[in-house]
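For reference, the structure discussed in these notes is given below.
Labels run A, B, C, D and E following the written order; every chain starts at residue 1.
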Amino acid sequence: MSPPTTATTERTDREGGPPAVFSITDVSVRFGGVQALSAVSLDVAPRQVLGVIGPNGAGKTTLFNVACGFVRPDTGRLLWKGEELTGLRPHRLASLGIGRTLQGLGLFDRMTVLENVMVGADRHARTGFASALFGLGRGARDDAALAARAREALAGLGVERYADRLPGSLPYPVRKRVALARALVGEPELLLLDEPAGGLANDDMAELGELIRGLTDRMAVMLVEHHMDLVMSVCDDITVLDFGRVIARGGPDEVRRDPAVVAAYLGEEVGDDAGDVAGGETGGETGEETGDRRPGAGE
Amino acid sequence: MPTTTETAEKAHAAEPRGGLRRRWGNSVLPRHLTLAALGLLAVTVVLETTGSFANSQLASMAYLGIAAGGLTVLTGLNGQLSLGHGAFMAVGAYTTALFLDGDNPLPLPGVLAAATLVTLLVGAAVGVAAARLHGPYIAGATLALAVAVPGVVLHFDRLGGEQGLGVRMPETPAWVLDAAYFVTGSELNPTKYVAYIGWAALVVTYVLLANLMRGRVGRTWRAVRDDEVAAEIAGVHLGRARVLAFVVSTACAGLAGAVMAMAVRITAPSGFSLTLSLTLLSAVVLGGLGSLTGALIGSALLTFLPHLVTGVGVDAGLTDVRAAELAPAVYGLTMIVVILVAPAGITGTVRNLWRRRRGAA
Amino acid sequence: MQQLLTTALGGLTLGAVYAAFALALCLIWRSTRIVNFAQAPMAMITTYIALVIIDAGHSYWTGFAAALIGGLLLGAVVERVVVRPVEGKAEINAVILTLGLFILIHAVAGIVFGSRYRSFPAPFGVRGLTVGDTSIALTGFGVFTVVAVVVVMGLLVLLFRYTEVGLRMRAAAFNQEVARILGVKVGRMLTLGWALAALVGSLSGLLIAGGSLVHPAYMDSVVVYGFVAAVLGGLDSPVGSVIGGMLLGLSLSAVSGYLGSELVPLAALVILMAVLLLRPGGLFSHHAERRV
Amino acid sequence: MFEVRDLTTSYGPVRALDGVSFTAREGRVTAVLGANGAGKTTLLRTASGLVRPQRGQVLLEGRDITRTPAEDMARLGLAHVPEGRGVITELTVEENLRLGGLHRPARTRAADVERICRLFPVLGERHDATAHVLSGGERQMLVIGRALMAAPKVLLLDEPSLGLAPRIVAQIFGLLRSLVASDGLTVVLVEQNARSALSIADVGVVLNLGKVVVQDDAAALAADEKLRHAYLGF
Amino acid sequence: GAGGRPDDGEGKTTPDVGITDDTIKIGGHFPLTGVAAPGYSEIPSGHKAYYDYVNANGGVNGRKIEYVVKDDAYNPTNTSTVTNELVLKEEIFGMVAGLGTPTHTAVVDFLNAEKVPDLMVSSGSLMWGDDPSKRPWTFGWQPDYMIEGKIIGQWVKDNMPDAKVGLFLQDDDFGRDGEAGARKYIDGQIVETVRYTPGNTDVAPQLAKLQAADVDLVLGFNVPSYTALSQLTAMKINFKPKWFYSNVGSDPALVGSLLARFSEGKVKSSAALLDGVLTTEYIPGVDATDSEWLKLWQKVWDAHGAEGELTNYRIYGMSQAYTFVQALQAAGDDPSREGVVDALEKVGATLEGPGLAPFRYSEESHLGISGMEVVRLKDGKGESLTPVLVTDIGDAPITEDDSAAKDVPPANGIPDVKPAS
């Protein structure tokens, strides 16, 4: 639980920069015997893409869950636009202006794509139960407005033509986009993306990268991802977790070269101590062979 | 509860989205009202052309249909399984009996509203508890509720104990009689009167439910049913959505109970046995979960099938006892066969077939 | 004091009976993720089988064994013929299917066996034991009931916790496809689960019937209380089922004796809700909440 | 040796596989590549008996297993790591692993579990935890570890790298190579990430819309720029 | 007229519903399925056997009686449905012997509103006859539970004045009316009251309570299955009071056969299991082997009965059927619905039949048989302890009246009542 000691783990103070939209201070979470997070702090500046990376089980999703109110931290505070969030519950996110995608897809299987996205747009609805019950014109107009918004969001991601289909029948990349559209249609100021590239092919991933960069004129993004190409190309800042602690933070280049990160996560130059899984000789070979897909190599 | 209610799955995908929607503009109300008017017309024609007994059967179908409509919202749209809706019908029925008991009872619409409201309040209390539960745990709790409510009734002497409370229908207002005679050319007997009340209540209920299902509220319910976590992130308050669905559904059950009390003319604990709750649920699934048409078909099945079967049994020369056992046997068998052959229920299956036909053409 | 003791002992045997039924539900839930509402009429049928055999002049134990074997077969047949198509599909379809079975079996029993009351014998005596001068409201058969339930619970715990078959059964229940690619004969496991559950169900039927009256609806109230007991305990846990059953039996007996029997169902509801509001997954659920 | 011949599979009107033939040789890693929806998952699911083909054959060491039910595959030495969430979340980590070794002699089971836990220390630490609490990557490790419990002759892997940290991916690929080298394991590796898959594969098979478009040495495929752009997206 | 309707046809009744020159159709609702079916489902078979017998002998004034039986599973909702069916679709002439208090309550107002004779309700509730102005078309048949309670109460007061009495009651108006009757005489002797809910077969807690109160005599207003259950449970908890069951619950043949299994060889015949138990009788049952009535019933059952033995439930049904035939005869050659009701009010009190006490039928009361005798069971037979005692509800005194007990059936087994007017 002691605060991080290495220089890289100190919080980057953004002198003169805009104040953080969202900050997490000293958050610790324990599940039984597992310390999922210990004293983690980070700030998300407006219109910034903040990457959170780290080995499997490092606590990235847990961190998101804390930020979303799914997990109540044992200690620590959350600040949203300077105000402390106490007793955060997930359903409040949308109205606060925080959007999130899930590590899986989390689409509503028995609703059309359009309806899926309309649920995300609900925060913009102006009429209540009564107008829905009596089918008042107000409610209908409101619904039409939501549908229009949803279509716009779908169009923005180039998947508008699937609006009337059920998600189950769609290609995987389309489904990913629908999930993203659902998060975006709420017009959040902060978007939390948990492994958005999982299962995507390379060209789709490249498009996703551009898309995320494109979002930064409207919102800040927090991104968890294991695809380093993507992370390194879109993030302004990266925080690295390992065993629930922040072990490094900084710009992509800085982090990439950090030996602690390499040892814990990236796995280059580790040769023999990767032996958890592989034998010595294959370990070396792997390091070499996968080397060329590291970010920067050839970009 | 994340019930994977396959039966309901295509309910929405298959709606003829584009076409109708565009023709009616964006509001669903005109369409629902037109359908309702057509429905009422059809009901009038049927009630006027059939005999008293058929009228009384149609009255039963009306109250079963109202309750089934509510249940299909809860189970089909929101994924909560209730094995205890009979208990809520009991609340509505007893409220009706009590309100009609005095010397100057409320006018009928007032009584119906009161029954709905009281049940709604009870439903809200139960719904708050049920919203925390999942899958078989809701089933268990509602099952216990289904048997507890008749027990409670026995406990309070005011509620008439085992033999229940008689329900006194207020005199049919003269203007209603006159109007009925003017329109139909025949006398309005009490049985037919109750049938009209039941079907009017049903049509109103279905219009309101259809509005809800099509709009924002229904969408929220379905989202919760399909994926709680995703719904929550999208800003849906899970508890509130669940309780709301529960409340709407129990309000329907209360209204159904009120109509039932008038049709049956008594409310007694044994009228709200577990069987009532369970057959309601089965009707909803057999008809086609998540669709109001399905609920209506299911309640028709529930009303007419046993009677038909017993008749057939007696005609075939079975003893009374055997013939009486035949009805449940056939009903049970129907449930099994429908689930095995047409797991999407009757409406779901017909719709799938129709779609396939259209796809092939 | 005497009343308290009698009520408690009565509650204990009653609880054991609920527990037996809850065990059957728990077993089927663990092995197929279905709540089998038809458990009661299935047990009722096998009890009638035993009765027919006993009435034909055979011993109680012959009838007992026949009922258990009958249960085993009935469970297997029902699973193979009726339940198989809905396994792994929408939960509510399975619920409706078993409800349909409930109604059907009930009606068939009414047709085949008639609806009059019949008495069912009990071994080990149905008279209260006497120790010295004081009499204890516990019959030999009551003791047998409690012991049988505890033994079955122990066997189930062993089956699920320590045997490979138990593991296979659970894998098949949770995820058919994954179980299949791991080499689990899913169909066989599901059949086995139903067969065993129906066997335990038959046992509960015999225990309830013993020293009492049977007719086609004699198990109906047990459906409710057995299910409530299973849910109280957490449905997934055999130990929970038994403790849930005993708890329910004792409390309902007390309510019936001291407050009035019409309040029994209400008491069941209150107890269930109180427990579920504190522990939404029942008393013995492992609370491994991870939603995202 | 693992071979498919003229395999054709449809989901209703959608033809997902259309006459696919290729051979995965013993002691080799064969990568199956292709865009989303190309039919890769369907290929593996058909091969392991989860889906019935309309036409064609699947051969395991020369033996026709096309109609063999999925539950017999493990015994025949074929293991399948399914796409996405293949863990049984309600069981503990250890139970999941034990299920992988159902066809191995019971006495070596404990040792096998231990071996896998040594390969993936996280699993060792979370031994008794319900798989439900594991993180995405931990689950993926569990599925792979479970497949290895069976000591299979042919291993079908559907996107094993999904959600894994780069270092773990490297480790797993390294492990595969070593198993291929030491035990003569036959690996069919379906990967979205063509570049890294080709880096460890001996042979590459490229699917497009259910048909094999190219089948060649991994190195040759990686070198063919036109092909890479057309089908592999890098 | 209002609404443009013609002004005639006010309150017109159709006198000939359900009746033709050679048939008369009547109906009844009974629990043929479900929890209440055991026992009760046999009653209609008694009716049918007797009507078949009468039909085979030419019917009543040349009319064959057709009895349509509907199952209500003891659920008032169903009763309402099947009564609608009987009245509106089957167009029965009258409802005969509809069974059950809650069930029949559901339809009694409807039957009266539709002016359908509602005869011989199979229930001892006061409702069927204490106020004919309210329900002019409804008639009870069996002695109501209130007078039974009174007769039992007086007997206990006279013969066991020091006994501590415990009540074992079914939790409905059967138990309630019985209790009210008994308390008129032994209010001070009653030390504990317990109730059971039908369907809940665990009565150990209730009996434990009686045991704890040191009760010497248990007075049971319960159905036969609960007689068996209470006996069994008492055995289990070693509770040995004296037992007095109301007539409904003391069917020695049925209860004895149910208990036989558990006697553990201590008694020879199953009928002897209830030896010493006190009860009441108002019609001769299967145990009254030398009664002429039983001989008639046996003859009818052998000739026209369905499968199964003659039981007390079937005898009950046949006895009711006998009364109905009498009522029909009394209504004359061309009975109308109103005619039957009038006839019963006029001559009902004089009808001779199996009942040990006369009917109370009059314009002031539609209650049925007026009394009963107290008996002690011995070898499955009731030994009379009192003459036939008759009384009425309220504070009416209890008197002896053996007049009706001497009735014997006519030789051909079919009554011959003269038209009342």
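We adopt the following convention: a contact is a pair of C-beta atoms (placed from the backbone, for glycine too) under 8 Å apart; a residue touches a chain by one contact, two chains touch by 3 or more.
Since the structure is predicted, the reported quantities are computational estimates derived from the model, not experimental observations.
Shared contact partners of subunit D and subunit E, listed by label, are C.
Relative to the C-alpha centre of subunit C, the farthest chain centre belongs to A. The chain with its CA mean position farthest from that of subunit D is E. Centre-to-centre spacing of subunit A and subunit B amounts to 44 Å, using the average Cα coordinate of each chain.
Remark: subunit B and subunit C have CA centroids separated by 32 Å (rounded to whole angstrom). Annotation: 50 Å between the Cα-based centres of subunit B and subunit D. Multi-chain contact residues of subunit E (touching two or more other chains) are listed as 32-33, 37, 41, 171, 197.
Looking at subunit A, residues 61, 68, 70, 102-103 sit in touch with two or more other chains. Residue positions of subunit B with contacts to 2 or more other chains are 151, 154, 229, 321, 325, 327-328.
By the document's touch criterion, interfaces exist between A-B, A-C, A-D, B-C, B-E, C-D, C-E.
Those residues of subunit A whose C-beta lies close enough to touch subunit B in the complex are 68, 70, 89-95, 99-100, 102, 106-112, 115-116, 118-120, 122-123, 125, 127, 129, 132-137, 139-144, 146-147, 164-166, 182-183, 186.
Residues 51-53, 56-57, 60, 151, 154, 161-164, 166, 174, 177-182, 187, 190-191, 260, 263-266, 268-271, 273, 275-276, 307, 310, 319-321, 323-325, 327-328 of subunit B touch subunit E in their complex. Of all residues in subunit C, only 164, 167-168, 170-171, 174-175, 177-186, 286, 288, 290 touch subunit D in the complex they form. Interface residues of subunit C, counted against subunit B in their complex, comprise 29, 35, 37, 82, 85-86, 89-93, 95-97, 99-108, 110-111, 114-115, 220, 224, 227-228, 230-231, 235, 260, 262-266, 268-269, 272-273, 276-277, 280-282, 291-292. Looking at the complex, you find that subunit B touches subunit A at residues 8-13, 17-18, 25-29, 32, 207-208, 211-212, 214-220, 222-223, 225-227, 229-238, 244.
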